[in-house]
Amino acid sequence: MNRYEEFQAFRTRLNRRILGGDREGDTPSSPSAAAKHDHAATAGSLPNAPGPQPTGATLTTKRFFNLDAAAYKPGALDVKTKELLGLVASMVLRCDDCIAYHIDQCISVGVSDEELWECFDIALIVGGSIVIPHMRRGVDFLDQARAARANAKT
Amino acid sequence: MNRYEEFQAFRTRLNRRILGGDREGDTPSSPSAAAKHDHAATAGSLPNAPGPQPTGATLTTKRFFNLDAAAYKPGALDVKTKELLGLVASMVLRCDDCIAYHIDQCISVGVSDEELWECFDIALIVGGSIVIPHMRRGVDFLDQARAARANAKT
Amino acid sequence: MNRYEEFQAFRTRLNRRILGGDREGDTPSSPSAAAKHDHAATAGSLPNAPGPQPTGATLTTKRFFNLDAAAYKPGALDVKTKELLGLVASMVLRCDDCIAYHIDQCISVGVSDEELWECFDIALIVGGSIVIPHMRRGVDFLDQARAARANAKT
Amino acid sequence: MNRYEEFQAFRTRLNRRILGGDREGDTPSSPSAAAKHDHAATAGSLPNAPGPQPTGATLTTKRFFNLDAAAYKPGALDVKTKELLGLVASMVLRCDDCIAYHIDQCISVGVSDEELWECFDIALIVGGSIVIPHMRRGVDFLDQARAARANAKT
Amino acid sequence: MNRYEEFQAFRTRLNRRILGGDREGDTPSSPSAAAKHDHAATAGSLPNAPGPQPTGATLTTKRFFNLDAAAYKPGALDVKTKELLGLVASMVLRCDDCIAYHIDQCISVGVSDEELWECFDIALIVGGSIVIPHMRRGVDFLDQARAARANAKT
Amino acid sequence: MNRYEEFQAFRTRLNRRILGGDREGDTPSSPSAAAKHDHAATAGSLPNAPGPQPTGATLTTKRFFNLDAAAYKPGALDVKTKELLGLVASMVLRCDDCIAYHIDQCISVGVSDEELWECFDIALIVGGSIVIPHMRRGVDFLDQARAARANAKT
């Protein structure tokens, strides 16, 4: 597995571990319920494990994940702009997995390489040379993500 | 106004500006609604202003504020521990207003000065000398917050 | 002076101090010259001071300022998008003056309040509640910057 | 070796390299001695190496390590609370190895999974979505650390 | 009071509040004593206050302050280099008071303006444009610190 | 490959990918040209690839790389001091690859182990215990870098 594949596999596995496999059951009901911090056993997350399920995330964490997804939906700003905002924020905060995620999303919504490189410019100027190693890994991930899509078509 | 009073006044004024004065109208209805990013005019936030209301926060931001409040409600951990967690996180991230807020909350829920100083220890050791100027401002705020409460009683 | 005016005055004064008053004299000539680190006296920066001029920035710093300006010029991404990228990066890195600068630039290039609030959403979700005090000051600055422009027209 | 084992092995090996193998010899004597910055050869750190020992840490670094250990001793706050403070600070500063270390310590002093997940909540809300990849690795480490203890009993 | 004077006054007042006025009484005795976290009343810190003294820092915090001072003593590296290291670290971490402190120390140990500007270069390149507002305040502080010394001589 | 070799190989490969293989063609001509953001195909970067070359960095990014190199040239401060400044900045910002790069540079310009350990002291005191895992990896890299040079001589 190259890094593109490892990233996707680890993210999928741990999101199931954190959120539980059955996302229908995660629907937040009311704000007041958040205070209860129910630690629902993450049913379905480990389908083949015979014993009791491990403790999963609280409602607060699950709601944060929902809110995180909602923030990138189109509104006054389109999805391409929002994903670029997520990418540049991830780059200046220097989180490799967040950079990888938003590069993948940018490709999915049609951001061009020219646009990505100009986004990298802003990250580099704002964040400084400390961003460079993360840019290197981001560019390598970008090439793998483009290649994975090219392979999927053929 | 000393910093304690300025902090409270600015925070209250801007929270009204961001969230709108009528919190009842902020009730999130359903997760799917978040995607609409309704920019409700912040009715009531500027009660004496004759003209149109300025644009206020999106539902995403308003929900984040609700989630932020929910995270500190008692659960497996009690409120004292949760406020100390919020304080140490604010100290190592070096946000003076966040430190002030959590010190004020800690006092409100009965955290002693001895407990606060040991929380400062952890922040200092984890975050290093760069935390010291924030500790100084935090200690000064602590003294003002204790004094404000003593004055309110007499 | 409110914060909008203080911000502009301090920024202008210190940029003159750092870069020197005569920007024509700052033209970088060749890359190899950068190594010399000439510390040009910042001629013109303190026009009324009778004595010798204080030491100003090196060529490296002056070139960085030029590069910083160049990064926000339109290219594959338009200026509105680039300023929003600068704004969200400044918010998650929690630099009040950088936030103020990019909000001012966003207004100048026609970014709407609705677009700004969705940019704030991304900053808040990516950066967490630690961003909130900076969002408060940013919103306050936004209102002052809009008011300054409205006053200038009348 | 899984990550739990790699983490323990690397940490042990490098602490010996940094502090030297013979901790009795590290006893700080007096504050003024710190100024001498004696670079004691790390005697015993590489017991089988025939040649000269590599230069090890200064007294300043060794004392910092001692102070780091002292900060988590019980006082006005108990060890569970202190380890949770160390964990949330590590999460918002996004240091995977620090997160791993404090999760391991939390387990050792009896922190429950429910308490850990509420600590994760605070880290996520304060630090934002940028914390999520570190939470994923922390949860994976938590499962390995629990499993290692279960295996050790049987 | 300009910022140079405010900085010195606040730092002195709060260090007394945190460490207590009688530094002789702070002498750490032995490493094991650190675990006791004695919260010594900061005798002498508020000399005119009639009532009980407020709780001051723990031994851990006091020892950290001692260690912080020890780290800048001359060793294999001279004090000028060490202060420049402290300055560049403060700049990339963007702590205005730490920058002010190390600029003041640099001046005291004879660092020239040309050397300071090259240190600013490294901070700017490593840390990016987010450092610029802190550089502006640092340069303004530098001018005030040089002026204060010039005034003191005449 | 150990980490020293992996670091060098990855850095070299990605720098070619980002900057293109033919550095002569990267010469920045004039400041105004930067605004064009020409995305030159990185000719020569993938010599054996038959198809079209991938999009490489903009002129802004390429100029930043040049400026980054220029900042470490000798001036009022010598190269040893500048590399130590780069190292301490990288440590407090906790970038493993930047730490590795500057340790390697420090060795190349003759910085001794005693000097490096005192630089580590400053990083540890300023940045706190969160720096420790990065110090461990830095020390391990230092040993590998010294060993690689010793092997190259024999």
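Order of writing sets the chain letters: A, B, C, D, E and F. Residues in each chain are counted from 1.
The rule we apply is simple: contacts are C-beta pairs under 8 Å (C-beta built on N, C-alpha and C of every residue); 3 or more make two chains touch, one makes a residue touch a chain.
Computed from a predicted structure; not experimentally measured.
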item: Lowest number of touching-chain links that must be crossed from subunit A to subunit D; value: 1
item: Neighbouring chains shared between subunit A and subunit C, ordered by label; value: B, D, E, F
item: Reference interface A-D: repeating pair among E-F, A-C or A-F with over half of contacts shared; value: A-F
item: Proportion of interface numbers common to subunit E and subunit F (over half same, under half different); value: same
item: Chain at maximum distance from subunit E, centres defined as averaged CA atoms; value: A
item: For subunit B paired with subunit F, centre-to-centre distance based on mean C-alpha positions, whole Å; value: 40
item: Separation of subunit C from subunit E, taking each centre as the mean of its C-alpha atoms, in whole Å; value: 28
item: Set of subunit A residues in contact with two or more other chains; value: 37, 39, 58, 60, 64, 67-68, 71, 75-76, 89-90, 92-93, 98, 114, 117-118, 121, 124-127, 129-130
item: Chain contact graph, described as a line, ring, star, complete graph or other shape; value: complete
item: Residues on subunit E engaged by subunit C in the complex (per definition of touch); value: 94, 113-114, 117-118, 120-121, 124-125, 129-130, 132-133, 135-137, 139-140, 143, 146
item: Interfacial residue positions of subunit F with respect to subunit C in the complex; value: 27-28, 31, 34-37, 39, 58, 60, 63-64, 66-67, 70-71, 73-76
item: Touch list for subunit B against partner subunit C, complex; value: 10-11, 14-15, 17-18, 37, 39, 54-58, 60-61, 64-65, 68, 89-90, 93, 95-98
item: Residue ranges of subunit B in contact with subunit D within the complex; value: 67-68, 71-72, 75-77, 81-82, 84-86, 88-93, 98, 112, 114-115, 117-119, 121-123, 125-127
item: Of all residues in subunit E, those that touch subunit A in their complex; value: 92, 124-131
